[in-house]
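Before I ask anything, let me first share the structure, which is written out below as structure tokens.
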Amino acid sequence: GFAKVDHHRKKRQGFPEVIFGEGKTSTHIIDISRAMMAKNENILVTRVNKEKVKKVRKELPDFEYHEIANLLFMKNSTDTPQFQGYIAIVCAGTSDLSVAEEAALTAEAYGVEVRRYYDVGVAGIHRLLAHIDEIRQATVTVVIAGMEGALPSVVGGLVSHPVIAVPTSVGYGANFQGLSALLTMLNSCASGISVVNIDNGFGGGYNAVLIHRLANQK
Amino acid sequence: GFAKVDHHRKKRQGFPEVIFGEGKTSTHIIDISRAMMAKNENILVTRVNKEKVKKVRKELPDFEYHEIANLLFMKNSTDTPQFQGYIAIVCAGTSDLSVAEEAALTAEAYGVEVRRYYDVGVAGIHRLLAHIDEIRQATVTVVIAGMEGALPSVVGGLVSHPVIAVPTSVGYGANFQGLSALLTMLNSCASGISVVNIDNGFGGGYNAVLIHRLANQK
Amino acid sequence: GFAKVDHHRKKRQGFPEVIFGEGKTSTHIIDISRAMMAKNENILVTRVNKEKVKKVRKELPDFEYHEIANLLFMKNSTDTPQFQGYIAIVCAGTSDLSVAEEAALTAEAYGVEVRRYYDVGVAGIHRLLAHIDEIRQATVTVVIAGMEGALPSVVGGLVSHPVIAVPTSVGYGANFQGLSALLTMLNSCASGISVVNIDNGFGGGYNAVLIHRLANQK
Amino acid sequence: GFAKVDHHRKKRQGFPEVIFGEGKTSTHIIDISRAMMAKNENILVTRVNKEKVKKVRKELPDFEYHEIANLLFMKNSTDTPQFQGYIAIVCAGTSDLSVAEEAALTAEAYGVEVRRYYDVGVAGIHRLLAHIDEIRQATVTVVIAGMEGALPSVVGGLVSHPVIAVPTSVGYGANFQGLSALLTMLNSCASGISVVNIDNGFGGGYNAVLIHRLANQK
Amino acid sequence: GFAKVDHHRKKRQGFPEVIFGEGKTSTHIIDISRAMMAKNENILVTRVNKEKVKKVRKELPDFEYHEIANLLFMKNSTDTPQFQGYIAIVCAGTSDLSVAEEAALTAEAYGVEVRRYYDVGVAGIHRLLAHIDEIRQATVTVVIAGMEGALPSVVGGLVSHPVIAVPTSVGYGANFQGLSALLTMLNSCASGISVVNIDNGFGGGYNAVLIHRLANQK
Amino acid sequence: GFAKVDHHRKKRQGFPEVIFGEGKTSTHIIDISRAMMAKNENILVTRVNKEKVKKVRKELPDFEYHEIANLLFMKNSTDTPQFQGYIAIVCAGTSDLSVAEEAALTAEAYGVEVRRYYDVGVAGIHRLLAHIDEIRQATVTVVIAGMEGALPSVVGGLVSHPVIAVPTSVGYGANFQGLSALLTMLNSCASGISVVNIDNGFGGGYNAVLIHRLANQK
Amino acid sequence: GFAKVDHHRKKRQGFPEVIFGEGKTSTHIIDISRAMMAKNENILVTRVNKEKVKKVRKELPDFEYHEIANLLFMKNSTDTPQFQGYIAIVCAGTSDLSVAEEAALTAEAYGVEVRRYYDVGVAGIHRLLAHIDEIRQATVTVVIAGMEGALPSVVGGLVSHPVIAVPTSVGYGANFQGLSALLTMLNSCASGISVVNIDNGFGGGYNAVLIHRLANQK
Amino acid sequence: GFAKVDHHRKKRQGFPEVIFGEGKTSTHIIDISRAMMAKNENILVTRVNKEKVKKVRKELPDFEYHEIANLLFMKNSTDTPQFQGYIAIVCAGTSDLSVAEEAALTAEAYGVEVRRYYDVGVAGIHRLLAHIDEIRQATVTVVIAGMEGALPSVVGGLVSHPVIAVPTSVGYGANFQGLSALLTMLNSCASGISVVNIDNGFGGGYNAVLIHRLANQK
């Protein structure tokens, strides 16, 4: 077939390849999934729409579907890592839920405990401050925000661990589909913040997992 | 001459025309100033560089020069308004001083009391919180910030009066000469924020004066 | 639940939180509304589409729906402020009606009298001049314009109170979904103009309310 | 030589080639000029800086230099056209003078009468209205404006002949070196406006000449 | 009603207002049309879609509909101007037809003779050269092109009358919805070219009419 | 009719005109095809959608339809060139298939042998290295990639023949519909890479054919 | 004074505030430094130019100056952390040295061992592969690249720890001052990559330190 | 040292590495050059300024300096390839000379015969047509153009071999430092055109050499 699944990746990176569902037909997704099932690899498919999900689950009913995060997950491997501690996932508004859950579910798929702090945007900063002590105890925080995307700067100034910032396309007008939040995060005057692509909840969760694993390693 | 000074503006708007110094020769500035002196109008010249200042003050030594804000001021009118209360000028970092002072000096030129809260950016939010009660008592707040420009959103969520946000070009890279801070401010999730051009300290100060005058009017 | 309604905001800012309808499900909107009804807060929901409105009003029939402005309003509080004077809402073309009405209805929801001057764009400037005396008597003017967005500059040069400029996405081609009008307004050579996001009628109205309240305060 | 002067152009288009001075060395300019002098062609060189002018005039002292418009002109041809009527050149602020003069001098170089209306920007619209009757009598109007570039829309709504709009790079911040004025002019809601490149005073003048010639032709 | 039709425009500019159909409801269009019919004005409505056309023509069956150009026209005035000569409309590819016809029909609505030269893009330049003599006899040429938009530069180098360039959004990828063709035309190295908005066939035709009228005037 | 088919092109360039299907009606496509069939020319129609294909094939059933590449092909000419060697088509991910096949089928339509290396993106570079010896034997390689578009730089550093890079719009967020991959390819630090438009598989294939023909010529 | 040094930061985040030298006068830098010296804090000043360095070191000769990285460092604290392992700093070309050294020296200032792998860009991928085993043993890798910025994707596919990507402004033309490399990194198809601002070597180094500290913590 | 010269490249690609002079100190250039001299490799250094040239030639006087093209060349290798035929280098205006010569000298440095056709832009198309027969005989044409960059489309429609298009940053205003010409070339409606970076004369010349070598190979 057309796809060359990177089965070697699990050896090279500790985790198997993840399927980027956008732009793939359901047939493509099924074929790649079957190849991974044959190797007992866990399968995560991101950015799938309902229509594809229907077709894929008809063939492969073992996939769990998380509608709010537009992802499919199938647990095939039995050697789950055992991690201590948790990562924090903080998001600015209820409109960012879909991306926040993509991050959270990605991290949970890799066996990491997640604590969620949602709808705590900077326009009412007391909502964030109410939870800051618990957030400070996490190994790493993923901060998701749309519109002006100011939340990571505030969080970054209050915690001492790394912050992964995820801009979302939530907003309109001069938001330019997330460009505004993206630039905000890249220019943050707080230190210790690094950024992934607009709406890339998967990237936010995955980076957090890599750091969390390191924090557990020694 | 080439310039048509809008002497009528004082009647129409309550304040005389302000001279935009950029792109004018010192000769232009001197000519326009003389015309305004003849009518006993206060003269504010913004965005002048040192070289022009030298030439202008040689002819018109009554101009005060505020180097940090790149502006010239000459008081000619005797009917100064009497206002009560004050406006707050809040800025994120020491690199934003030049724009903050352009705003502050503009407001003072129009007879308004200004209180300054500088270097209180969001990366160390306790610095802002330490002054928030006094800021809340102002009639209007001008917030100046570069880099990611997140400060107006936080201030906007804490005060109940109008906030004028002034993005600055301070920063580098994906800041794109102030575009980042501008977009942040336009997309603010806090209500009650309106925005002026990048580095437009004059506009920030002038809008605050108009609102302050209204708050004093009744 | 996922949402943390900022009930404290009314205390902090004098007005309760407003619900940004875009990107929220009807269930989210209903839940948040119920929490606010329990506190007798007035509820304003902006940027809702017809489909959501249907679902929301089935559960909460007390909501009034303003189709042209895509907003829902429910009056629950009995302590309405009493203001004197009016604000002016000026718009350039009949295509800008939706945004203009979002601004007007927002202001009216907060108890402020609104006078409307619509379809008075700069291509036929006598239409604006015919009303300018009445506009001059307002405490503040909100100017809404799409395409080239030149109207705020002209209005700003004729009145002595603050002007809130709202660019709209009306137009095509090099309009770039409202970017053209936005830049025009940010670069206005008239003083006393500040700007909100593209299509942000709510922001225009809300800023006007804050200023109008100040003008009534003393 | 490297340059292939388009001597044929005068036959094809009625006017000889014009030299774009930017990016050419003074040697290039001298060589091309000599070739044109040999054919008794009038020579217009635009966008030259002082340094080049010095070197060119040392060799070719017959060039007149117009410093404010950065151009050189040498009259060699004796068959000047005889036109009736005039074109109007209108500009918004004193900072736009350089571009306005490039337009005006270009038109005069081709033998067309020019009337200038400078510093009549939209922030004080009475200044334009004071001259509008004379402007209406022109065959064509060139409108030059920087910052938000709103002036052509207003002029376009008041005259019945074609308007050539020339955006300038005057301004700062969200002006983006003239982009703001350019977009404004392209999106004008007034009809009968066409646009040339940012700071292209030459283009404005040249288009006006072509139209003026047509108006004189029959 | 909401709309203020600019009936005065015919007096001021010689032609009545044109209705920009986009963003107006069919009810708006009908109301404005009725107001104009009452004054015996010709009515041109641009950028209407089929659905609106159906509703409008049900009420006002006298409208002629030109589907390819998305416009409606109703002839009510009896004093048609008598012009001599013709304008040329040149377009690059068959995909630009819709915009080209908007220009052509606009000009014809104003009583001007149009000659069409379609599908003569620069990739096969002999197709343009085959018609160039006839094009040269026009008073003015409107050149419509998408993709790279190179055609106006070539035409502009071959004719001696004004060229109005209309970029179209035809293309994909780095075309950025017509930005590519727009920039090409603004930067043309040929003289005598001025530009209107992307896809603004109306503007191209209208400017040509104004120039053609001048050429007929004396 | 409206279209002027460039029949002369085959003489001038060795290959007949190709029909750009986007923005043409099915009637246009049929008319042009008939004109080309009458001259026994091979016909390639790119960027057609299913709906148009249905209508076109109803009239002209000899067209082969390649759904994945959105193109139609009809072989009418009998003089097929005989080439030696092959070109390589390399693509980064399974989501780029549609563009890759547009390139491959274009080349095959011109009689060139194609070898495909798909889903060998840089995140698992061993997949590319596994095939690099065979790729090195090609006369020219077309590299198709979306997202960050890094693959051409890596290939360009490993082969000694020309590389044609085709960016695709696959991706989301800061990908900006292919802009990211386009800029990557234009800035490649590897030498010997030239670039065509985003999603322009046709251009990639056609350029490869021209080079392949040259390599076969002597 | 104007500056409010955030002395509390060391308590809150484990490291003292870092001084952003750009846009500050030498007097500002000296004042802030003195305040920090009084608290025995280590001082790092980034983005200083030679002129400022001269003035600052005249007053505070204990500063070490690293010219290639444009930074000043003064060690005042005695409690240096003791870390095990190292971080890798990988850069694409010799033109990226300045940013790479800013990252490396930042990390070293915080007591972390750094291994450098410079000039190993993707156009000659064997240079990277030659060092990949040692890079794999690092806790975290900072990858610096300009032009097309493809290197982080390749590194990210070969290591199993987090990668911090730093785009540089090295390049020209369609590089747009680093935008090209920035977009490439944000869109990377490799997982485990997060990005900081263009030319932000400090951010790259600082994020690596935070992660390295976590990896040492348990 | 810091640089890892890719000596292996000559084996891999047939030509040694070329030094990108921008952003390298003269010391860097000298060091890399010495390493290459030790292997008898020809050395080409692009984008060097006069100051660096002086320092480099003081140490390495064997370098030839081509001022107009900003490049240094040193011939060390004795095995020069023997090619038949020539490549054409066509440029639009005298302002593009610097980039055109970078392309031409690059090709000549690799032993390829170059024929130059300069100042033949589309505004006077007869200048190109006068040479088109000779251009048609080349194996490949490099077309260099700034401003609107229309020339490659016209050339591409007239020749049957590959065209490499090089946009230059010549122009001003809406040219946006070469973006206009770049987009034009990427969107060309002529087939057989591929594009390199803005001002990348080196890339234009190098790609032509690769193709010319292929045309000579069989």
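Chains: A, B, C, D, E, F, G and H, in written order; residue numbering restarts at 1 for each.
Throughout what follows, contacts are C-beta pairs under 8 Å (C-beta built on N, C-alpha and C of every residue); 3 or more make two chains touch, one makes a residue touch a chain.
Molecules present, by chain and UniProt name: A, B, C, D, E, F, G, H = Nickel pincer cofactor biosynthesis protein LarB.
For clarity, every value in this text was computed on a predicted model and none was experimentally measured.
Undergrad: Which neighbours do subunit B and subunit E have in common?
TA: C, D
Undergrad: Determine, among G-H, C-D or F-G, the equivalent of interface D-H; equivalence here requires over half of the contact pairs to be the same by residue number.
TA: The D-H interface is reproduced by G-H.
Undergrad: Once you find the CA centre of subunit A and the CA centre of subunit G, what distance in Å lies between them?
TA: 26
Undergrad: Please report how many Å separate the Cα centroid of subunit D from that of subunit G, as a whole number.
TA: Taking the average C-alpha coordinate of subunit D and of subunit G, the gap between them is 50 Å.
Undergrad: Centroid from C-alpha atoms only, then distance subunit B to subunit G, rounded to Å. What do you get?
TA: 35
Undergrad: Please output the residue numbers of subunit E that touch at least 2 other chains, ranges allowed.
TA: Expected reply: 20, 93, 123-124, 157-158, 173-175, 179, 182, 186-187, 189, 191, 197-198.
Undergrad: Among all the chains shown, which pairs meet the touch rule set out at the top?
TA: Touching chain pairs, listed by label, are A-B, A-C, A-F, A-G, B-C, B-D, B-G, C-D, C-E, D-E, D-H, E-F, E-H, F-G, F-H, G-H.
Undergrad: Which of the residues in subunit H end up touching subunit F in this complex?
TA: The contact residues of subunit H facing subunit F are 12-15, 18, 20, 139-140, 157-162, 164, 182, 186-187, 189, 191-198, 202-203, 206-207, 210-211, 214-218.
Undergrad: Taking the complex as given, what residues does subunit H use to touch subunit G?
TA: Contact set of subunit H toward subunit G: 2-4, 6, 8-9, 17, 20, 22-24, 28, 32, 47, 167, 169, 177-179, 182, 197-200.
Undergrad: Touching residues of subunit B toward subunit A in the complex: what are they?
TA: 92-93, 121-125, 147-150, 153-154, 156-158, 171, 173-176, 179-181, 183-191
Undergrad: Touching subunit G in the complex: which residues of subunit B?
TA: 93-95, 97, 118-120, 123-124, 126-127, 146, 170, 172-175
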